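First the structure, in the form of structure tokens, and then the observations on it.
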Amino acid sequence: MPQSAVFPGSFDPITLGHTDIVERASKIFDKVYVAIGQNTTKTTLFPFGKRMEIVSKVFVNIPGVEVLSYEGLTVEICRKLGAKYVVRGLRSGTDFDYERNIALMNSKLYPDIETVFFISNPDYAGISSTIVREIYKFGGDISNFVPDIVSDYIGKMDRAVY
Amino acid sequence: MPQSAVFPGSFDPITLGHTDIVERASKIFDKVYVAIGQNTTKTTLFPFGKRMEIVSKVFVNIPGVEVLSYEGLTVEICRKLGAKYVVRGLRSGTDFDYERNIALMNSKLYPDIETVFFISNPDYAGISSTIVREIYKFGGDISNFVPDIVSDYIGKMDRAVY
Amino acid sequence: MPQSAVFPGSFDPITLGHTDIVERASKIFDKVYVAIGQNTTKTTLFPFGKRMEIVSKVFVNIPGVEVLSYEGLTVEICRKLGAKYVVRGLRSGTDFDYERNIALMNSKLYPDIETVFFISNPDYAGISSTIVREIYKFGGDISNFVPDIVSDYIGKMDRAVY
Amino acid sequence: MPQSAVFPGSFDPITLGHTDIVERASKIFDKVYVAIGQNTTKTTLFPFGKRMEIVSKVFVNIPGVEVLSYEGLTVEICRKLGAKYVVRGLRSGTDFDYERNIALMNSKLYPDIETVFFISNPDYAGISSTIVREIYKFGGDISNFVPDIVSDYIGKMDRAVY
Amino acid sequence: MPQSAVFPGSFDPITLGHTDIVERASKIFDKVYVAIGQNTTKTTLFPFGKRMEIVSKVFVNIPGVEVLSYEGLTVEICRKLGAKYVVRGLRSGTDFDYERNIALMNSKLYPDIETVFFISNPDYAGISSTIVREIYKFGGDISNFVPDIVSDYIGKMDRAVY
Amino acid sequence: MPQSAVFPGSFDPITLGHTDIVERASKIFDKVYVAIGQNTTKTTLFPFGKRMEIVSKVFVNIPGVEVLSYEGLTVEICRKLGAKYVVRGLRSGTDFDYERNIALMNSKLYPDIETVFFISNPDYAGISSTIVREIYKFGGDISNFVPDIVSDYIGKMDRAVY
């Protein structure tokens, strides 16, 4: 029976840490859905449409990876997609303690769901979207932390908005 | 000499994790004050009056538990109540590292105060008010995470405000 | 392409925490090898032959699970079996910090290998073979922590050896 | 109803960290039993009889504290003493992750038992019996880490045994 | 070759934890730059000018310590100053997991930079600017947590702004 | 005033993680003493003489690094050498929690001593002497984890002793 998994996030922006986890997960699961949360109340660096566009381009050639957007709970998009797995990367014990709470609550909301963890690749150790945004806001070079397509897009962005 | 303890929080909303800790603490201490912080600058999901009403109902039949509101510092409400103990639940090492800072600063502000920790019940593992609020905002079912009285109240709430 | 995974351990004794992880892993992977390390220098509570016998019985009816013994490195048994995944359970951030070192060294020894983590079931929260052995040595009842077949075997054991 | 608690350990040797926790616990509980584990298989720095003698002297004048020895499981000595609480000190998140496993298994063995945690006093931050033993073995001065009575006893000990 | 280090922060307000780390770092490095981030988007308790004034006074007599402000990335101010080290204090494992991400990203942005960690002094255990601000907002006494000059300044402040 | 630091360990065997920390420390400190503990009670994989020989060769060309052996406490060798710093690498929050206890006890034994921490290089993430020994015992290839000189020495060793 084909197995599918969801990799949820806001991808604001997508990082090399994210792409690494998705590629590794796509070797286990028949289908990995990269699910971009369309949380209307949270202010983001990149507008939703742009995140959707960028993430879609990043994975366009990776077989078994599909990019989509969702509103609401992660467990609901899993249910709709028939996906029984949520995939997450872990950099540290602190990450685990945080993710564990979410995973346990998700499994109470939807007992069929299982969260599966991968270790973040040491080559991308320490990368987080939050820090990438900080670096970007202060005019730093984020090209070591994100896929090329993000860097290209940023080259065209009007940085003056900050 | 009767011993009393304070269990402080914003209870936005109160969870089964909270009620479990209070009930267990009430077996050690003669009196457990469930102290609802009336922090006027923080925006909450449930208005203060409603949190007060709900938490009061939750503990109405638990002997030795008293619900009250407070403004200001936890150590000040402890001093006023003559309570020498603060009670906290711990889910993880990360929780401990966070609570430790607060507890040590509290003991510098009021050397008589002692923070006592209980392990969060694994049955309610991972429950946090923050995640409960997220689930609620996205229309998810929070009834597995909160006392029945919260679920009942929420059934009557105008969810359209979100 | 069928995917297989190895769940390595000394299983001295196997616990309900172990069986839970294996059953959950067997839903993702076509084959889960429960690999019992035959480390001749470490003294164990249960002799190797008995651990092999017990673990084999525990999983006899779980489709896709195969029990075997190995000497030497976990990556070597993975290579021989053509298994690209190692499966581990995590109870805490401390567990993660420990397992991360092993997983990263394994991936240097055998770059094709990936370690995949599951959260330990809160129902079995805190169970470790080390503590089970302590309880057993002191004559405590371990039946809540191990599969029935372990309890049965222990009933017949000559406890006088301790 | 009077409440009693057990503070278990091997106290090899007792440290200022231990005495601090016991004194703080003795303000909450009517009775604190300092229970010295008589684990015959573990080699200790101080012989059991000496640990018993030293710990007894340390607490001789602390009202509500009683020193005793036990063999076997901590939950069994709790049961015999009618004590419903186990008291432990925590220095760090790692300590919590370790103690949590033991506490959860104890509560499965004896559901009436509750483990209560105190933060280790920062004045004694970092003190562990293990490190004290290392310092002692190498001829270092342990008087900052242990009650005076331990230092006195050690002055009379034949260090040549190492 | 003289070595210099940067101790970056918002110092809102500076605490005894900060001053302790700076003094200890100033014994290793020929020059320690206390760099106050002038982040225009973050709302602070103390206005930037006041933080600059207070921190300057705190270190006026410490040889080898220089206070300055900066906008933008920490690595950029390091580059401009020719400083190859960033200095940070650690209270806990959680602090480390957080600081590690930042340090690793900084070393990708500027490979010459090295982050060096000191253990927070147990005498000031648990002090954080965040909690100090909370205490201050609620009218608590922060004099145990900050240098005298901060307390003095606060005595003159119009607390009515909160 | 020239500053010197001690990097203590048993180096059984020395790893690339160790050499990386020593080289980075040697850029801050005028002198880094790599101090090999000659603990007679602990059984080691490599005999003391060999560890001394190998570590000496590893650092023979690194200016400012000196290799020596010591018996007894780390603070004592620091005192004798006039070194005021101990250098340690950190891979994780768990490492920090462990090292913190030792560092705080060392600073009580010798108040002039300061422990300074570096983040383990992600390229060598997860390397520990303990795991290297395990790999070696089982006949695995440790050349990715240790300096070439260790691999060379091992090629000549009689592995039959295991």
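Some notes on this structure:
All chains are identified by letter, namely A, B, C, D, E and F, in their written order; residue positions are counted from 1 within each chain.
Here is the rule we use: a residue touches a chain if its C-beta (ideal position, glycine included) is under 8 Å from a C-beta of that chain, and two chains touch if they have at least 3 such contacts.
For clarity, every value in this text was computed on a predicted model and none was experimentally measured.
Ranked by how far their CA centres sit from the centre of chain A, the chains are topped by D.
Checking B-E, A-C or E-F against A-B, more than half of the residue-numbered contact pairs recur only at B-E. Comparing the centres of all chains, each the average of its CA atoms, the largest separation from chain F belongs to B.
Note: centroid distance chain D to chain E, computed from Cα atoms, is 39 Å.
Centre-to-centre, using mean CA coordinates, chain C is 47 Å away from chain E. Chain B and chain D have Cα centroids separated by 31 Å.
The set of chain D residues that touch two or more partner chains comprises 92-95, 97, 100, 103-104, 122, 125-126.
Taken in their complex, chain C has these residues touching chain B: 92-94, 122-123, 125-126. The residues of chain F lying in touch with chain C in their complex are 91-95, 125-128, 131, 135, 137-141, 144-145. Against chain A, in their complex, chain C makes its touches with residues 3, 24, 27-29, 84-85, 90, 92-97, 100, 103-104, 114-119, 122.
Within the complex formed with chain C, the chain D residues making contact are 41, 71-73, 75-76, 93-94, 97-98, 100-105, 108-109.
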